[in-house]
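Below are structures written as structure tokens.
Common to both upcoming complexes is chain A, partnered first by chain B, then by chain C.
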Partner chain A sequence: MPSTPNSASDPAPDNAGVSDTVLSVRGLTTAFNRRGHFHAAVRHVGFDLQRNETLCLVGESGCGKSVTALSLMRLLPGRRQCRVSGSAWFDGQDLLALSEPAMTRLRGARLSMIFQEPMTSLNPVLPIGAQVGEPLVFHRGLSRQEAEREALRLLDLVKIPDAARRLRQFPHQFSGGMRQRVMIAMALACRPDILFADEPTTALDVTIQAQVLALLNDLRQERNLSLVLITHDLGVVASVADRVAVMYAGEIVEQAPADRLFARPSHPYTEALLRSIPRSDRDVGELRAISGQVPPIHRMPAGCRYAPRCPVAEAACLDATPALAPLPGDPAHAVRCRVRNPAAASEGRIGHA
Partner chain B sequence: MLECADSAAPILEVQGLRKVFSITRGFMGGQRASLTAVDDVSFGVAAGEAFGLVGESGCGKSTVGRCLLRLIEPTAGRVRYRGQDLAALPAQALRPLRRKLQIVFQDPYSSLNPRRTVGQTLVEPLRVHGVAKGRAARDRVAAVLTEVGLAPEAADRFPHEFSGGQRQRIAIARALILEPELIVADEAVSALDVSIQAQILLLLKDLKARHGLSFVFISHDLGVVRYFCHRVAVMYLGRLVETGPVPAIFDTPLHPYTETLRNASPVPDPANKVTMRRLDGEVPSPTAPPPGCHFHPRCPKAMDVCRTTPPAWTTLSGGRGAACHLHG
Partner chain C sequence: MTAPTLDTAPDTGRGTGAPRFLADLLRVFNANKLSWLGLVLFVGLCLAAVFAPLLATHDPIDQSILYRLRPPSDSHWLGTDSYGRDVFSRILYGARISLIIGLASIALGLVVGGALGILAGYRGGWVDQAIMRVMDVLLSFPTLIMGLLVVAMLGASMLNLIIAIAFTVVPKFARIARAPTIAVRERDYIEACRALGYSDLRIMVVHILPNVLGEILVLASLWTATAIRIEASLSFIGLGVAPPTPTWGGMIREGFEYILDAPWLSIYPGLAVLLLVFSLNLLGDGLRDAIDPKLRE
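Moving on, here comes the complex of A and B:
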């Protein structure tokens, strides 16, 4: 729960002209307690999510992409271990300021989430049918029988063959790809507005990954769903994203429509990331590794967090924190780098956009 | 298909390799069944060559890697290293050869002993093989740590003090310390973030060039294989389906499975999205593989003959080969 959910620097965004925005996140900062001190794992994250849009949060381990989703879903531990601030406006209410009972009514109903390893998200001793129907019993008050009928329809929806028989089976009788389909069925049971998918295909083989991504893509369009897809794989991003936010060390460093991000990567980290990927479709010549490592959460550098590893860093980068600001002449493409984007020179209110 | 890219004599020659596991299934293991993890696999690796083995989970690529070093006893077939058949050697005679063949695993968290310092881990192979001890061993440890990009002081620290990328460097140092000729790298960069993966790939490529090392490079990632390997074999349900030189096999795949795999592999380019089909079947269980060509139930080009007759291996031009009725 944020202490000041609506502080002066984070006003509720004016959504009058853009009614298709379903979620509006501003200044999301999530800090964890480490030996008595709170350190931000996610800092000043802001984005708008449109209806029927796939937004990809991409970055390497520990960049804060999962914590961003968990903060918005309010799935993090309480104030002693973790503090969340900022705002996240959804349907006229700030998710970060909602009471726990109000959040419980939204979670699993209008906001859903699926995870990387479906086996740990499923109950091993309950048949699939009972689990897929559970959100409907909880949120919609359906009877067990009604929920089971609905579960059958949902398994059909996610293209699980022979659904009537599969309904009676247990999670261990499903393959990894089929389990993830079950999770998707469960997440979509109550027709949510937003689905957070945290590395949903990372544990799957590529041919199965392609199937699950296709399924998510189709369902998003059929159901007018907004998808926040969290991934480390820029190849997956290129295949499914409408818009992309690249995260590094807890911050969004670049945000742009997918085609523009790949055509014109502008943050040095995005550039370096793209150059470090070996590609199967063409020879890349020599790979260029990013030297060094991501700084640990309790020893974040002052100034730009990427500066110590950045080949274009200047002295000023080490002093002032750059803002995530739109590139001149390209309002949809925001870059948090003062070398590449003069508008990013110092962090102000625009940095929350 | 045994010929190497450049007619140099292969240092490793695998012929008709087969591994059958017997497994128990059902309640309390009541039923016995057999699982053919590797089915008549043959290939050769030249000195200084990186030979890739690609395929999805359960295709048998790791079992091949382990059979090469006899970490698993092959059921049948020959693994000749410089003319000597490793599969037939008694354990005693195998030991000196083990020095020359080393392995690096995927997960540096579980492949390093957490209770030993890095130095203790690295000295052990030197002691086991009687290569060096005392001062000489310590010097060798320092040299190999430097070679993989770590400070010699790392020897006094424990694995938990290192990041994933650094641990993989330690695992590579352990493989290098006996000055092997061939390294089996089993998904050696798969658990790493891309920026760290690139660091390790660069290191491996550098070591390969510097020591003339050969690699059997096992990976599920076509991009990594394209970058690192000269030739590659594609496996599906225990069998090789296609082999060939690296750019060609991905640019013009001959076997429909290679093509499926390539089309499903994501590349960072929105103009080249993965081919996403909602359902084209899952990998069948290796305990009951489909008859005929194992791939036929998922194959968009399957013909009647594919359902009944396993395709024979066909050697094709350009150093390529495939097991597919389309190219028989």
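Moving on, here comes the complex of A and C:
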């Protein structure tokens, strides 16, 4: 529950029994060095990820979706360029405090990530079979023969036809959609608990997009996987998300179960996002772009970060930072807007370190 | 370690990768006829070195004051040198030492320099700075001085000579390996490797090395000639192989004194070096093509 008060100083949430939370992020703040000053690209992000759940992180380019995932996977550059704070509890350990060797053991084995660009995400000089089996060789100590056999099953699993022949081929002989399937097979080889998918379908044709999304959804259910799907495509969100976190300028501005978010978008930014997508099934009136631009990282407004572009902003919005607080009467639906949600008016504790 | 149980799909139990990989390599070799020529020449030179005692027409160190500086003839196919020694026989015996020194020193330099270059390029930052500044210092010494220094410290022996020559090519290999590594490091598939939790060592050896090896191999074949030349220079100042023993580099250098009167002294061993480099270059080209999967079809 996003509304559960939980500061970074609390002990690890007790995952056993009470809930089936696999990842609990609190107060995640990632700051990048820009000419000697650190500016937060992601600020006070907090969410809980349930087992076998699809959480969508939505927002426009540069809002911190990818940085959030990269921070949790610890794939960002070192402390001189980038600083990460907060906590992320997974299986009784804080990912953000783990040693690098311990993190290396988790990455690819229990936490996996796939990227936007399938065309360039495979090593061009190695056959597909070797690459798909490699996580098993590295993390599980399988022999190359065993790994190759498992690679064959994995290619079948991601529905690549004629897998036995395909194993011998090289990435340039695969189409974009097929390569993304290969990436998924690699990411799932060691049966991870969580898969971060960073815009996995953005580079693909629309028809292929649907297939890959359906595949991810099937695999999630089959393998009891938790999926963090990063996307800017609300159509994708509507088709697969269980829960949605809308991000703007590095903050989560609204978080809710997918059906409730679409039925009752409450943050002005979410409303604007929904109004800006064309619909073929019903008339949504004039499509409206959101005026203005996301403020640059080093010139964030003092109060609500969306206030300068917000049609409903009041004077107070420019001064005080609103909190991400649950709507009255709907604890699962949290909104960071003092106008729409009175509970957000005071800078609360939710998601704060 | 227990094998993880993975889903569905019956095991078709097809063969393993290694023989298949060799078959692929052979196929590329077939596609590129010139690499076969390289292989034949190289194997020929190696066989000539191994069977030198059988093929030689004379004792390579047998001197004869009567037959000084004779041009090529029926009895001395490639002529004789200033001590009346048979040039053809000396080239055959010289192949033994020159092949070993040339290939071993380049192989050693390639492994050490390549590893340092890939490490520097992959890690960047202070590791890169530290390694490459040391390499720059080594490069700033003339090759001969550098080799001299190492042989002087270690003493003159065949092994030390190999180490000394390797030492002079290590910084060159490091530079050649570093540049493509920096380009490859930024590719998405290296990021994907990190997301799969592979160790830096694995990423460097399994994923970066095959991508940069082609360029390194081609230059290695060229630098083999340099290695043979350095051996000659070190031998000339008494730090390499002791005089009566023939080496290609040594023969070329001795021949310089008589280049106008008896050009065959330098030309024939020079041709032998050329032949070796030519064969290695064709081999290197073939291997580079074999590594590139797009040419494997």
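Keep in mind that, in the parts below, the second predicted complex is superposed on the first by the 331 of 353 C-alpha atoms of A that agree within 3 Å, B and C clash if a C-alpha of one lies under 4 Å from a C-alpha of the other, contacts with A are read in each partner's own complex, and residues count from 1 in each chain.
By definition in this document, a contact is a pair of C-beta atoms (placed from the backbone, for glycine too) under 8 Å apart; a residue touches a chain by one contact, two chains touch by 3 or more.
Model, not experiment: these values are computed from the prediction.
Q: Put the two structures on top of each other at chain A: do chain B and chain C fit, or clash?
A: fit
Q: Which of the two partners, first being chain B and second being chain C, lies in contact with A:R264: first, second, both, or neither?
A: So A:R264 meets neither chain B nor chain C here.
Q: Who does A:A109 touch here: chain B (first), chain C (second), both, or neither?
A: second
Q: Which angle, in steps of 10°, is spanned at chain A by chain B and chain C when each chain is reduced to its C-alpha centre?
A: 80
Q: In the overlay, answer first, second, both or neither for which of chain B and chain C A:T120 touches.
A: After superposition on chain A, A:T120 lies in contact with chain C alone.
Q: Once the structures are superposed on A, label A:H333 by its partner contacts, choosing first (chain B), second (chain C), both or neither.
A: neither
Q: Does chain B (first) or chain C (second) touch A:S239, or do both, or does neither?
A: first
Q: Would you check which partner chain A:H39 touches, where first means chain B only, second means chain C only, and both and neither mean what they say?
A: Neither partner.
Q: In the superposed arrangement, does A:R51 touch chain B (first), chain C (second), both or neither?
A: Neither partner.
Q: Should A:L274 be classified as contacting the first partner (chain B), the second (chain C), both, or neither?
A: first
Q: Least CA distance chain B-chain C after superposition, rounded to whole Å?
A: Scanning every C-alpha pair, the shortest chain B to chain C distance is 6 Å.
Q: With the touch criterion stated at the top, can you tell me which chain A residues are shared between the chain B interface and the chain C interface?
A: After superposing on chain A, no chain A residue contacts both chain B and chain C.
Q: Write out the stretch or stretches of chain C touching chain A in their complex.
A: 1, 3-4, 6-9, 11-14, 16-17, 20, 187-189, 191-199, 202, 206-207, 210-211, 291-294, 296
Q: Hey, which residues of chain A end up touching chain B in the complex?
A: 60-61, 159, 161, 175, 177-178, 205-211, 213-215, 217-218, 232-241, 258-259, 262, 272-274, 276-281, 283-284, 286-291, 293
Q: Show which residues of chain B lie in contact with chain A when the two form their complex.
A: Residue list for chain B touching chain A: 56-57, 163, 165, 193-199, 201-202, 220-228, 247, 250, 260-270, 272-280, 282-283.
Q: Within the complex, which stretch of chain A touches chain C?
A: 73, 75, 103-109, 112-115, 117, 120-127, 129-130, 134-136, 138-142, 144-146, 148-150, 152-154, 156-157, 163-164, 168, 170-172, 183, 186-187, 189-191, 222
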